[in-house]
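Take a look at the structures listed below.
In the two complexes that follow, chain A is the common piece, with chain B as its partner first and chain C second.
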Partner chain A sequence: MTARTLAPWIGKRALGAVLTVLVASVLIYGALRLVPGDPVLAVTSGRRLTPDQITALRHAYGLDKGFAQGYLAWIGDALQLNLGRSLTYQTSVTSLIGSRLGVSGLLIAYSAVLAIAVGAGVALVSAVKGGLADRIATVAASLTTATPPFVAAIVLLSVFAVGLGWFPSTGAGSGLTDRLWHLTLPAVAMAIAAFGVLARVGNAAFADELGREHVTAARSRGVDGAALIRRHVVRNALGPLLTVIGVLVASLFVGTAVIETAFGLDGVGSLLVTSVSRRDFPVVQGIALFGVLLFVVVNTLVDLALPFIDPRVTVGGPRR
Partner chain B sequence: MTVLEKESAIRPDALGIDGLTLGIGSGASAVPLLDGVTVRVGRGETVGLVGESGSGKSLTARAALGMFPRGARATGAVTVAGVDVLAAGRAALRDLRRTRASMIFQDPRAAINPVRRVGDYLTEGLRARGVPSREAAATALELLEQVGIRDPRGALRRHPHEFSGGMLQRVVIAGALSTEPDVLLADEPTTALDVTTQAEVIALLKEMQRTRGTGMLFVTHDLDLAAAICDRVYVMYAGRIVEEAAGTALFSAPAHPYTKALLEASPPVHGDRTEIKAIKGRPRSLAEAPSGCAFRDRCPLAGDDCAASVPATRAHGTSAVACVRPEEVAR
Partner chain C sequence: MTLTIPALRARGAKRRRRRPLAVTLAIAFLLAAAATGALAPLLAPHSPDATSLLDSLAPPGTAGHLLGTDSTGRDVLSRLMYGARLSLLAPLGVVLLSGVLGTALGLLAARAGGWVDAVLSRLMDIVFAFPSLLLAMLVVAVFGPGLTAPICALAVSYTPFLGRVVRSVAIQEGARPYMESYRAMGFGELRTTVRHLLPNMTPVLLAQSALSFGYAMVDLASLSYLGLGVRPPAADWGSMISQAQSAILQGAPGSGLIPGVAVLLTVVSVNVLGEHIGGSIARRGEGT
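Here is the complex of A and B:
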């Protein structure tokens, strides 16, 4: 793989990512237009608005223009990080999301680290040891995958926050240590389902590599123990693992909606929930767009990393 | 004094397998795999191990490295350059594999880790032994040159998928020789290659082995190939050695009905086209073999005495054969 073949390939990937975001943005914008009747009246029903406000809103969201024109105006603003103003908070949606991103970002990172460390660790041990360890890991993975995050949240809250009192039940705390302490239970609640997926996929990937002839061949050369596992099993299983991790991190973002509400955290997820219930559509649109962006960025990064992990992943399509 | 000269004082065989019996499980559910296999490879000698799939050839070769199937129990004796393999602990086995015995696998594409560079593959064993990486790289470079890889310096930095099968098997051979082993275990090293490449790889193997005085156990199902390149050939059937003969004698005077049947089942390269006779029935593993001689249900010469007990190995001409009536086996 040389720089000459790499540059156009990265360009292609980036272009694909941009197109995905654009298509998603059309859908997100179009959802507002699909509301039967007058969108502004429908989404602001129950709110007392003066005719001037309504006209202003219609103008702000391009509802007085055609679909194409309206979309172009909206996406143009969005590209300049202007996602409109919240109907509830009367502040800009961008700053609203931005101010809550810290908590959500830390929560996602925290729970991703937990899920990856424990999930991949359990996967490796169960694949290498086999037997009883493997069966226990399989049962644990099935149980955790089948546990909805809100159930995990309730159990964790009642045991560790209410019962034992080891962790706070609500709030995000201040300062890094205090914040991590506050975010531990929510991070665990989110990581539980992700752990199951990683433990299963990781186990399959590791077991697959362990059964390969090149591992037997390495053993026959006197490579064993940690060096064998690290150099010939974990290294080779990184590709499939990273692909799953990419999807998982993006889905953790979706999971924040439930968890942040359950633990009373002021993050993007709880903002989404309140905004939906208050029909604050600029905020909902903004968060949806942000979610799509995050998903696409993470998965594009994973795609870009794969040729470096496995040189057989050819740059620019099949070549063999 | 070179290593070879020093060892010539005692000079144990490169590989000695004596009465190796291998089985998985115990009691009623026990599955026998090998029964009393005896194979000897002297220094600088090429010894063939021939048989159909499932006859236990690869199991026997892997036993030399102390690599047994999970849960298998082995009795008998296996020594590599004087080292008792069956009694060796983890560390001793590791040292054995790093220094005394190397295995060459059937498919080089499967036997080399695809995500690591060829240089890494070639130097891994040396570095694990404590050789500095610069020195290990120099050794690898030299070996690549010897096995005929163009641009060896560039090859070190390339990945396995950038090589052809034949070139990759040369890399595997270089890797196997990098530790200067006493014995090479070649497990069907040319089966996955096309015919012209086969000839090149065989020539290379023989050349490397001859110049280094390494013993080689050559596992193959190709009787003609074994007879052509091996000093001695062992024929295996259902987990037992049924015949041991010099490479040349095997062809002219097969002593076991199975060897004869195998020869008749392969098309001749030279001479008139003769009818190819298939062996009736299908290959047996030791677990499903009949009592007494394992070949008797497929053997045209079998009589009642064949069922009595497993025929003992006895001398017949220059060969050793496990058959009660080798004199009736004429070519």
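Here is the complex of A and C:
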């Protein structure tokens, strides 16, 4: 792989990512136009607005213009981090999301670390040991994959918060240690389903590498134990694991909606839920755009990182 | 397969492994859940909406309330039975809709090829980048709470799962000699695809649909749990858990845990079933 073949490939991937975000943003903007009747009346149902506010809203959504013009105005503002104003909070959507990003970001990072550490660890042990350990890990993985996050949340709440009283049941706490303590149960609840996926994919990747000829060859050369696992198994299995981690981290963002609601946390996820039920459309659009952007950026970065981690990954067809 | 020689099939049947216990249990549970939902008016000991504040939060095992009562004294067992209806039918709707969409688009992409394939594959990638629950919440924001709009949104969201698999299988199968021979006999593209290609893909479709059912169930129950799905007095398992939230914090988790376990067992069952079907495809593939 040379820089000459790599650069066009990176360009192509980046272009694809931009295209995906653009089409998704048209969808997010266009959703408002799907509302039967007058979108502004539907969006503001149940709230009394002065005629001035309604005119301002029509203008803000670009409803006084055609679809293309309205979209261009909206996406132009969004590129300058102006996502409009919330209908219920009367503040800018960007600052609303920004003020809640800290809690959600820490929650996502915390649960990602838990899921990756435990999932990859269990996958490695079960692939190396095989037998009973492998069977237990397989059952645990399929049970946790099937556990809906809200079920995990209420079980953890009733056992560790209400029953044993080890952890608080609501709130995000203040200061780093207190916050981590408050976020432990929510992070575990989010990590449970992710753990199952990682354990499965990891196990398949590790077992696949263990059965390959280069591992047997290394064994016959006398490479054994930790060195064999680290240098010949884990390194080669990183590719598929990293791909799954990319999808998982991005999907954890959506998972915060359920978990933050269950544990009474003021994050982006719970903001999304309250905004959807109050039909606070600018906030919903803003968070949806942010979510899609996060998903695409994380997955594109993972894709771009693969050839650097594993030189065997070829870009754009077979290597010469 | 259409061209399997009878003698081979008979020998294969004899060698077929016994159905694993987990698969039998999964089928039994799903049938039981569907039956209790269908026969809820006959089986339920109480009306699902009959409140009785005197009997509120009775623990499971109470006389007259086998699974206890919720915070307004409604019988959990009866609500579980009636809740099975929406909890099972709504994901089924998603699976059927996305099944039709995914199969049609996947076949179209595979058989048409060229720019049609390129555009459809790109579109599927884009839909794939939209997390399903996020899309469902977006349509709830537009159309208000309810299940119809989220069912349609989730169906669109799951279409790539099936569409990608159908496309790749259709490309593989399309290159096989039997498809070539049908074409040589002068059968039209549409007829060979629908009459001969599609039946051979049924196991793949079933396996993928079972997995989609599990995802759809979790997504729809999540929406109801968040108060964005079914509207009271209608109830599904997700909304039962949502209404039990305060009782859980008061230390009476029964009315929330029981529907939670029902969701969990259903999802485990369809996953076991889907993997079993998928596994038998893989085994058959090794044999040929």
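Here is the rule we go by: the second predicted complex is superposed on the first by the 310 of 320 C-alpha atoms of A that agree within 3 Å, B and C clash if a C-alpha of one lies under 4 Å from a C-alpha of the other, contacts with A are read in each partner's own complex, and residues count from 1 in each chain.
The rule is simple: a contact is a pair of C-beta atoms (placed from the backbone, for glycine too) under 8 Å apart; a residue touches a chain by one contact, two chains touch by 3 or more.
None of these values were measured; they are calculated from a predicted model.
When both complexes are superposed on chain A, chain B and chain C end up sitting side by side without clashing.
Within the superposed three-chain model, A:Ser251 lies in touch with chain C and out of touch with chain B [touch as defined at top]. Chain centres taken from Cα atoms put the angle at chain A, between chain B and chain C, at 80 degrees to the nearest 10.
Once the two complexes are laid over each other on the shared chain, residue contacts for A:Val276 go to chain C alone; chain B is not touched.
Looking at the superposed arrangement, the partner reaching more residues of chain A, out of chain B and chain C, is C. By the touch criterion stated above, A:Arg235 is placed in contact with chain B alone, chain C being left untouched. In the superposition on chain A, no contact is made by A:Val26 with either chain B or chain C.
Of the two partner chains placed around the shared chain by superposition, neither chain B nor chain C is touched by A:Leu180.
After superposing both complexes on chain A, the closest C-alpha pair between chain B and chain C lies 20 Å apart.
Shared interface residues of chain A, touching chain B in one complex and chain C in the other, do not exist. Contact residues of chain A toward chain B in the complex are 212-214, 216-224, 227, 231-232, 235-236, 309-312, 320.
Those residues of chain A whose C-beta lies close enough to touch chain C in the complex are 16, 19-21, 23-24, 27-28, 31-32, 34-35, 42, 142-143, 145-151, 154-155, 157-158, 162-163, 169, 250-251, 253-254, 257-258, 261-262, 272-273, 275-277, 279, 281, 284, 288, 291-292, 295-296, 299.
Here chain B touches chain A in the complex through residues 62, 65, 67, 90, 93-99, 102-103, 105, 107, 110-116, 124-125, 128-129, 159, 161, 175, 179, going by the rule given at the top. Every residue of chain C that touches chain A in the complex is listed here, in rising order: 122, 125-126, 129-131, 133-134, 137-145, 214, 218, 221-222, 225-228, 238, 241, 244-245, 248-251, 253, 256-257, 260-261, 263-264, 267-268, 271-272, 275.
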